[in-house]
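Chain nomenclature is as follows: A, B, C and D, assigned in order of appearance, with residue numbering initiated at 1 for each chain independently.
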């Protein structure tokens, strides 16, 4: 049976100032701190059962360590290790527990230099008793500081100076499917929006115009419930002096957005609402052309935003 | 390769008065009429690309013809046909086009008598030009009569006098997985909430207390965007004199609900908002016990509701 | 110049257990504690600039001390004192500061026995610096425990065994105007919905079927932003085991509601969303008859609810 | 008794192409056409009982005829006529019915040249039977083309090259009160936000930097229910190719906004949600300074926007 990636699991980020970044991610944005070990803090959103969907490690400078994907079954780890090795990709095994709460895993870099991790096992720790919901299907009764805390991880946006090649590599080697794509007026590909699980876009792979630009992560998107929650998210950022880099609705994915950026690391969280889900085994990719609309944003605009390179 | 069910596709319903039922489904609730042939009208929700997720056929009395499930690939049809035949289940092949917009299919009844259909191919017709969205990833620009028209099919609720047996049959023979379950105080199973795609509950299988009660469908649920949309849906029903049978939030699934019932057929649509999605290949079913909460409804109540038997 | 009542100011409530009631009002519902003196705690909603809109005093049993109304100008206090005295109503002057944060006031009982207060001056203390909004037109940056904390006081619902007489008294003597009314099928008045400011209903005056029933307060309503906030309010109550007595939308006033009740005092807060505002100097009262609709509630239902008598 | 303005009533606009403008105001934005006579079309929002809150007259070019304010009582018309005449302001009486659905009125220009109308009587015609709500306190059951049709008129924004003088004139002569104000870093006044009824901002009076700029109207704002409705409003505009000039939230007034502009006349409607209401007879104006915040917009931005001069 062919090995299979099931869905986006987490991102492992590095920051030059762990305390400042924790202020951003926990006090401002609303993540839950689940565990802390060896200079790494493991975070999850209040609607996630899994041990973490984001980790922060203190480092010399801001960076990305890896993006983690969960496989469909335990056997897929060895399956992918064998397969990638056969393709000339250097694969490293990570012992269970090295990344806290997680079983064994493999790591490798795409030809573009984006480091990826595949894992299957992940703990699902209970919320602390005083925070636990009375609903068995909900981990936390309430968020802590920020009522519009992200609900669950949605997608990553990665940049590369040959983004199309990266997107094609993900499809060919990891079995991702294209959900949408966007071509510039000259026919060149600007972005390819791919999914492992086929239900939602999980990685936006965006063209960096500058040749030789390093492999980078632009933002990690988490779902919130509504457009009104985006206004509330913006409130929570503005009251704390956190910079926001855009507010509106994408045409691609139809997702509504509010971007918030950690001032010390430039790591960016997209609060994302709406969009659509795909329950179609024969989905035909939505192929946008620049001339379809005046603006890639259906409403509002994206202002700025910073890529953070892989470390 | 084992045959696989991918997700819930549609329900085929019968009504004693097609025009009156179309008033309910199209004018009041907000479905789009896609096609009409041989006394059957094919409907879809305005956010669905597929040809239909609900069909209505005039008949002597209200009834359910079948519930349709899409397979993961074309080969799964013959795979399931062989397998079910081997299990002693009577399988009928349906020619492509017999159900409009659809490829060939198989039909069979579960031991409980719930008639099911499996299909793979389904057309994705464009919306009429004047109704088409400028967004390539959205079929219709707007709904017609009802601004809170359902967005997409979410789940069915079926009743049986041995619901646990039916749920187990779906899991064992069609590969469904249990997402949640609910046991009465005496330990008996009240409901099992299963999914083909593993992302959301697709069938709620509920115990009918009366022995010998016929296999039945209680309602079909469609997604809307928010709790506010449920208030707007209730508005749309009340202004038209359409009966509603409950308003609130389930604890199971965390779905918020407003039920609306076609007066001439008792076929019921649940407007459903919120809830949660599962992106976890190792999901452990949520096992509710009656003593967990005072009420199965977290907020509000369900009042009445009518089962419609299979025809 | 005739004295004039400007708008609803506050309610002064008594509880047999101040700590338990503060858990309800502050930890669960989300009021801000502004001051505490002589056994009375002064609360306001996080969107109110005024010193308090609700006060709680420990007493032998739950009760209502008075409902406070702000006059249009300082002179209206003496104006009403003279006028009411001339009408044979016993008027008591309250010194400035006796009710904390407030200037001098007068108190009196309506013939039905509902004790009222009129005041003009009220302090507008800043929020603590660390809680203050960066927006000059918003007192608090965020709520504390409950993200759906009420925004501002909206109305009171009082009961009497001759409610029509009470409503007429309020109109004739205090200048209230009728915004809506509701008559039973036999022509008897069930409720009269009156306003001092003429923009929104400020007092619902409801008929108690039992002759001799004491003058009572059923609930105090506070505004929240949306129907989705009502679902969130219900969440906050359910997670804390706070009883709720209804969820839905009234036809009268069009207000959407979720009721929450303090278990130790039965004092009830209505979270209220939607409704409409009147900017019409010639508003003609909306006169409902029982036969207009099947149910006084447009959506959902009210379940239970407790009157708390004047002390 | 001093004459008194009660609240904002309507705006009378001129357009070079009535049919195109009606497409914008009725088909796109969602106004109800109430009546048409002598080249003028009278419109109201679906939650307004009054005959009209906006009128459109075909003219050589786009322009503003007047802004209409309702007085508190019929006597205030003569009261203001006498008073303004005494102040050297030229007052014209308009016969009842000259503006359809309306009683007699007076018109005059402020010293800045903004033509105003005062009226008291206005008809409140029923909605057509097939459109009428079953709720007695709601005119229309549903909107026609646009589900996010504005609910009711909220405020106007007028521009002048001496805006402070205009605001002060409105306060001194018509009894308006200042609710908020905004000063530039050099201490000069940018905007004064005034109200006749004292409950909400009804006129934003904005400084035009260019000396000699003609008196103008920038936009008319109508209330919608929520931030989500603003996204839906933007959808309705984008799908019809209607230009929008901004999306986000003001700091002043806390109003959330989406601007839509009639392409043939540049008349602009602000869909406005949220904000706050004042029920305080002693409200102290909120005095903003440019240095309080980085941007006058709390979230998002205003892009463009066009002033339309008085005709």
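Assume a contact is a pair of C-beta atoms (placed from the backbone, for glycine too) under 8 Å apart; a residue touches a chain by one contact, two chains touch by 3 or more.
Small disclaimer: the values here were computed from a predicted structure and weren't measured.
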Both-way neighbours, i.e. chains that touch chain C and touch chain B: A, D
Comparing A-B against A-D, which pair counts more contacting C-beta pairs? A-B
Taking the mean of the CA coordinates per chain, how far is chain B from chain D in Å? 47
Using the average of all C-alpha atoms in each chain as its centre, how far is it in Å between chain A and chain D? 44
State, to the nearest whole Å, the distance from the C-alpha centre of chain A to the C-alpha centre of chain B. 32
Listing for chain D: what residues touch at least two other chains? 134, 225-226, 228, 235, 238, 274, 298
Write out the stretch or stretches of chain C touching chain B in their complex. 226-228, 230-231, 234-235, 238, 244, 247-249, 256, 258, 274, 298-301
In the complex with chain B, residue positions of chain D that touch it: 133-134, 141-143, 147-148, 225-226, 228, 235-236, 238-239
Chain B residues touching chain A in their complex are 6-8, 47, 49-50, 70-73, 120-121, 124, 134-138, 152, 180, 197, 199, 225-226, 251-254, 274, 276-277, 279-282, 284, 286-288, 292-293, 298
